[in-house]
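As structure tokens, here come the structures.
First subunit A sits with subunit B, and in the next complex the same chain sits with subunit C.
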Partner chain A sequence: MPAEQSTTTGNPAGGAIPPPPAIRLKHISKSFGAVRANRDVSLEVAKGSIHGIVGENGAGKSTLMSILYGFYEADSGEIEIAGRPARIRNSQEAIGLGIGMVHQHFMLVDTFTVLENVILGAESGALLAPSKDQAARELARLENEYNLYVAPEALVGDLLVGERQRVEILKALYRGAEILILDEPTGVLTPQETDQLFRILRALRDQGVTVILITHKLREIMDVTDAVSVMRGGQMVAHRKTADTDKEELAELMVGRKVRLELDKEPASPGPTRLLAENVTVTDADGVPRLDNVSLTVHAGEIVGIAGVSGNGQSELLEVLSGIAKPSQGRLVLSGREVTAQAPVHPDEARKLGIAHVPEDRHRLGLVTSFSARESAILGYQGAARFNRGPILDGTAITQNCSSLMEQFDVRPPDPWLRSGGFSGGNQQKLILAREMSPHPEVLLVGQPTRGVDIGAIEFIHRQLVARRDAGCAVLLVSVELDEILALSDRILVMFEGRIVGELTGAEADERRIGLMMANAMDSSEHATAGSTMTEQAP
Partner chain B sequence: MSAARAPLPRWVDIVLIPIINIAMALFVSGLIILAIGENPIEAVGIMLQGAVGYDGGIGYTLYYTTNFIFTGLAVALAFHAGLFNIGGEGQAYIGGLGVGLFLLAFDSVLPFVFLLPLTILACAAFGGAWAFIPAYLQAYRGSHIVITTIMFNFIASALMVYLMVNILIEPGSMSPESRDFMESAHLPFVHDVLGGLGISMVATPLNLSVIWAAICCVLVWIYVWHTRWGYELRTVGQSEKAAVYAGVNPSRVVVVTMCLSGALAGFVGLNEIMGVHHRLLLNFTAGYGFTGIAVALMGRNHPVGVILASLLFGILYQGGAELAFEIPRMTREIVVTIQGLVILFSGALAYMARPWLERLFAMLHRSGSPAMERA
Partner chain C sequence: MEDIFVFAVQTLDATLRVSTPLILAAMAGLFSERSGIIDISLEGKMLAAAFASAATAAVTGSPWLALAAAMITSLFLALLHGFACITHRGNHVVSGVAINILVSGLTIVLGIAWFAQGGQTPLLKADARFRPIEWPGAQAMEGVPFLGPLYEELISGHNILVYVALLVVPLTWWVVYRSRFGLRLRAVGENPLAVDTAGISVAFLRYRAVAICGLLCGIAGTYIAIAQNAGFIREMTAGQGYIALAAMIFGKWRPLPALGACLMFGLLDAISIRLQGVSIAGIGEVPVQLIQALPYIMTVVLLAGFIGKAVAPKAIGVPFVKER
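Then we have the complex of A and B:
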């Protein structure tokens, strides 16, 4: 395919000899101000194939797909859909051309039923009832054809994440999509749900639907795609048949240099207990337990990984350990200080006890995007004596602090005055890690350290975490990336619905065992093959 | 969503957009002036001449400016904490009450050197206290501050009428005004001060509170950008979750910020009661609190911007008064309409021109960049 593409002469209406590709993008360029998000990008996607697009964050994948879906118009270049030149100015036109998109963040109304969500925006008239009847019939057909079952009358708010994603796919198909774009579809799924999604995608392909899969997970590319295109720095750097490539080559193409996917680390030598939680429960405002009777310990010099599908209590665990939330029941011991509902710890105090926290949500918690880097680099330490001279903040000390953090952690560009939001995800994360690691904490709480971070920075961040562990720090790592948990952790705890449902040592853990625990299917023997617990069968 | 936009350079945001907004307001005003059969160019000339063309005009302009700085700073400070303080009017009213009560009680007891700082404190305390209640309700009870501060404007107004008519009225007086303060409790007029230095100036209401307004600008600047409290305030304004993460108590920040904001608005009372009227009376706030919202918006919530926007509104107020005086057909209502248009375009419609400019700049950029590549 790469060869064909370079020799394409642009003869869309041409002969009937080869079937035209479902999508042909020619020399697409798109700039945002000085940023050239797409540079002369060409791409061909064969009809009825699954085509992967990989690239690091900021490589231009999302921009390219936004152009295809009509969110942006390209500055230059041409689009052909099924051999015909197309101009796509908005998403309605994209839908009209048979393009459907499943967004990373679902665009569903929680309080509507599946059926209502599917017809939303595609109602056939002013009255709902006829649209609904028609839609119900159409849905039944789609569900049969693609083995995509979701109960039409269920409220979307009650569905599992994997099921919501199926609703999104149904929505696109209901609108007549023959080209389906999925943007990072597996970020929120368990490994088993991911497998189901891939089965659905294969079924779609076999029915002639063209699927574009945007992801940064190379394993998924290898698993499910027929062809793959690699983007880097806004350009298309390679097209490959999936069968002719491997993970290492793709990683190298993505980053532009050799990448080590494995991490060297010595076995841990755990020291004394630094962090202890005993029967900790956190209930939310509605009285629902978000964290349910959790007990755990973290020793000096070990990395304890918390695995689980996002939203199963990991965030609450980090919050209660860092003092942001207080335990409703149970007790914690943080560096010797006893914490209970009656004697909660304040985040400021937790920091003084040597608990550092790299939060999961770096945009809203970890830094203030509108602040300069130097201001974000003192977040949480704004009261420290080294940054204050009497009532006035010491501007020189603050700038110097930021410069030195940036140097130690290779934050680029090393400009303390740049807006925090202007850094790439990886550099933002390095700045936060630098800030939290620099006071040499006894306990390091780390949430999703590499979410939205490019491969080069992931390497660096992982090495830093292991170095911290080797220096005797107790590290608690929360991540939804199983690969990351497996690569870093000395012990692994699996969370499900606010409880810890399993513990494994780093050595005995593998993806399948953790995956089963994540879906909480380990104990019940009748669901030995966890995949079927939440599959197509209706309850 | 469809058309391309580019992020705007800072100078466009700070300089060009306000100028465009004022130009649009003046254009629409010009149409109205044309419609009533007058010459808009001539009207603008009279306004400018009346506002800055002679010493008396300048004095009045700066007197109005003083009030706008206080209320503009009040709105700007609260805004940095993510709070929309619409209650400047009521806080100014109650701030003035504080000034009046304090001076009525102590003007015969204390010398001016003690009286002045204590009056400033009383003024701040009353203005701040009036903002404290909505702030507390927002921070700890979840009532929305926009709603409560608006309501507190009405409550302040009703309270003042009650106090002036029933309690503080000078015995035997027909109008609801207190007795005059003693001469020693007057904040000196600028024309008196200048006169003492041998510079003659027409008598205007401009008094030394203009200097306090300038000091407040500096204090707000230091507080917001150069203290840890200001840092925490801005963090709360940008992201409450980040603030909690950083060990800040957002509720406390909300309360403290609103009290400071209310104190700033309250200083209108210092200017009006201690500086101009020298007695407690009704309706001295005259809408300054509301105009402060437009001032802060136009000044991009920065003290320097607030000063510039306050000057503009000072010119509009004074020039407008002059206009109504000079051209009989330009009634007071027409002048208020012009002021209203400026507030509308630079306040409520402050970002109307933004999308167009973003597209314009994107186009300029696109036509500019290939040329740069060739070079």
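Then we have the complex of A and C:
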């Protein structure tokens, strides 16, 4: 069994007797009904190290960490914490053993202050005042030790995402965590915030804290971890010292076959303008501009990437271009049709103009999870002549359509009658892409095409997008994954707070330059305080 | 001038008496809803408590035993609501309505079966009720202008449950904002997952909140049956549970503004009682029905948007499911 080749990393001090590992999991198994989420998983994490765990969605990473944090109890197997056998039946016991967890979706109360969030569940007595005093002192100490500052009296709901994450880390440290588990911590962060998080993690490690980092971003594993374990299909398939491995090997271990991370694509040969936006502003119900004076063009045969942290106007941009929202000011030209506030375009009309839209949130806008795949595969095109016989939907044509889409786009399982919600994220996404690409649109709007999608499917989706571009389609790609933007885009626009704050060609773009554009925009905006601490420390 | 002053003092005195059950029920609802459990069964719990207290007082003659019986009855219904909403993740509104309907019918059925007076309980003698407490010197103060009536009418001369209600408000404020339990209570209504991952039992916390809600409703029902009145009459809570709920929402789930809203409803009620039969210059005698409808009309008007946007606790009404 490959899992047995355990590594003992860390311990750089090289003492005479190596200390026991902070965590030792032995032969952990856990099933949910027929699904075996963890099969005979063993893991050792050295004290005072940063240990990465990578794997595709459904590989069992989260289940394993949930067992460690007491959400589930393993069906079999043993856990040792700092050399002592432990039984962790709930979160309270995990906290008692010095295990802290920073969840992917923050477990914070928005209407509380930072201080109140920190003491929740770790109060020193029945009254709040002494707890707050004690926590304020402790936060000041942690700030000194790890350079980890958040204003204690600020309301969490008013904080930036990066600051909220720091509150989560402070919460864990306040509870005396010596083992800190972070579940996909960088998904919501800017590159600068990510750098800052990694600096904090390194400082924690140097003080003897053990950090476990769950991620699917291999670059982060290479950047910050000391050792890495790879999971696939509920099993632990490899343990490596980070220094002894590389991205390609890890990707291959994760997927179980060779994966090409680099995308081969010819330089773009842009044709005529297919999509034009001039000074487009979209204001929400409260009068706040969500999209602020945005101008852009997309030509046939090119991929234009929109980079930016989510929530900075990308969703509104997709909505206004696809006809879901109408512009408050400015004008759009979609395949020759002029669109303004007075003459808005209906999504159905936009679709007939050759605008296809793969929405960011596939569960909310992309498909109906309770519909069968064949029904989800015609959403938006249900009025087309090929799916209708008079006033009645043509069931045979609809099923055939779905089967053929499934074959072309390798959707598994290829069952048109299966509930849409029953497919994995990657296969749902492939079904939506197939639906939107098959009518050969002139313009393809794509939002977060690989969110929650496995690495193998990502490769496929990326190749499809490039193929569409080469066939002369104008592609607008919105993604929070910088790697994806960099890999696919011929031109890159950077968005911040509803504005376009920078433009780069695909060739001249790199992560640092895009990150700086975001940070500069942030500096000159109203979040000046938060932004400036970030850029001061940027390399 | 003197007349107007006396009228004002008497109206305020009546306001206090009418507001007492509203205040108790509003604080009860506040505990429940802050924990994330919608409670429209304040009405049913008060009615059940009113019946339990009146029946116990009629049989034993002790108002204190009556209070205990009422609180236990109301607590039982609160835990039933909790069992449906917390343990079985039922719909809070459906469970609340079910309790209201159940109590409405059951009190009448039991009343007829036990006392055979058409669903009422026997009229209580004075010593089986909570009676007004005369404060020292109230008689002596009577002659003093201004302060005298103020002390004698407004401060002195209420039964103990009125003073309890007035004490419950600052106590609620203190518990909610200054105690560990309050912090967790507010947190569990906003984001139960945060509470769960902090290692605190969401279910236990919510059960404690609905239990407090039940006990306070028990006091409110007792007040209605054996302090304000002298026995149980069918449907005697007459929508006060809903008014209390509205007052709590007006107060945006905060104790002191909720108190203000309760007093406002009480004042409207008190004025409507005092205006009956009075003829107003230029209009003549206002029909009794219109005056009696006044508090309800005002409620509708205020609820319809005069009070600003009330933001409920975020997780209210959402059953907590440990998803992972």
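The criterion applied here is as follows: the second predicted complex is superposed on the first by the 499 of 539 C-alpha atoms of A that agree within 3 Å, B and C clash if a C-alpha of one lies under 4 Å from a C-alpha of the other, contacts with A are read in each partner's own complex, and residues count from 1 in each chain.
What we mean here is this: contacts are C-beta pairs under 8 Å (C-beta built on N, C-alpha and C of every residue); 3 or more make two chains touch, one makes a residue touch a chain.
Here the structure is a predicted model, which is why all the values come from computation and not from measurement.
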On the A-aligned overlay, A:A126 touches which partner chain: subunit B = first, subunit C = second, or both, or neither?
second
Of the two partners subunit B and subunit C, indicate the one touching more residues belonging to subunit A.
B
Which partner chains sit in contact with A:N388 here, subunit B, subunit C, both or neither? Use first/second/both/neither.
first
Just subunit B (first), just subunit C (second), both, or neither: which does A:N90 touch?
both
Thinking of the overlay built on chain A, is A:F71 touched by subunit B (first), by subunit C (second), by both, or by neither?
both
Could you tell me which stretches of subunit A are touched by subunit B in one complex and by subunit C in the other?
71-72, 90
The residues of subunit B that touch subunit A in their complex are 1-4, 6-7, 222, 226-229, 231-232, 234-235, 238-239, 241-242, 244-247, 362, 365-366, 369
Could you list, by residue number, the parts of subunit A that touch subunit B in their complex?
31-34, 70-73, 75, 89-90, 322-324, 346-349, 351, 357, 359, 361, 364-371, 375, 378-380, 382-383, 387-388, 391-393, 395
Over in the complex, which subunit A residues touch subunit C? Could you list them?
62, 66, 71-72, 90-95, 101, 103, 105, 107-112, 116-117, 119-123, 125-129, 131, 171
Which residues of subunit C touch subunit A once you look at their complex with the stated criterion?
177-184, 186-187, 190-191, 193-200, 314, 322, 324
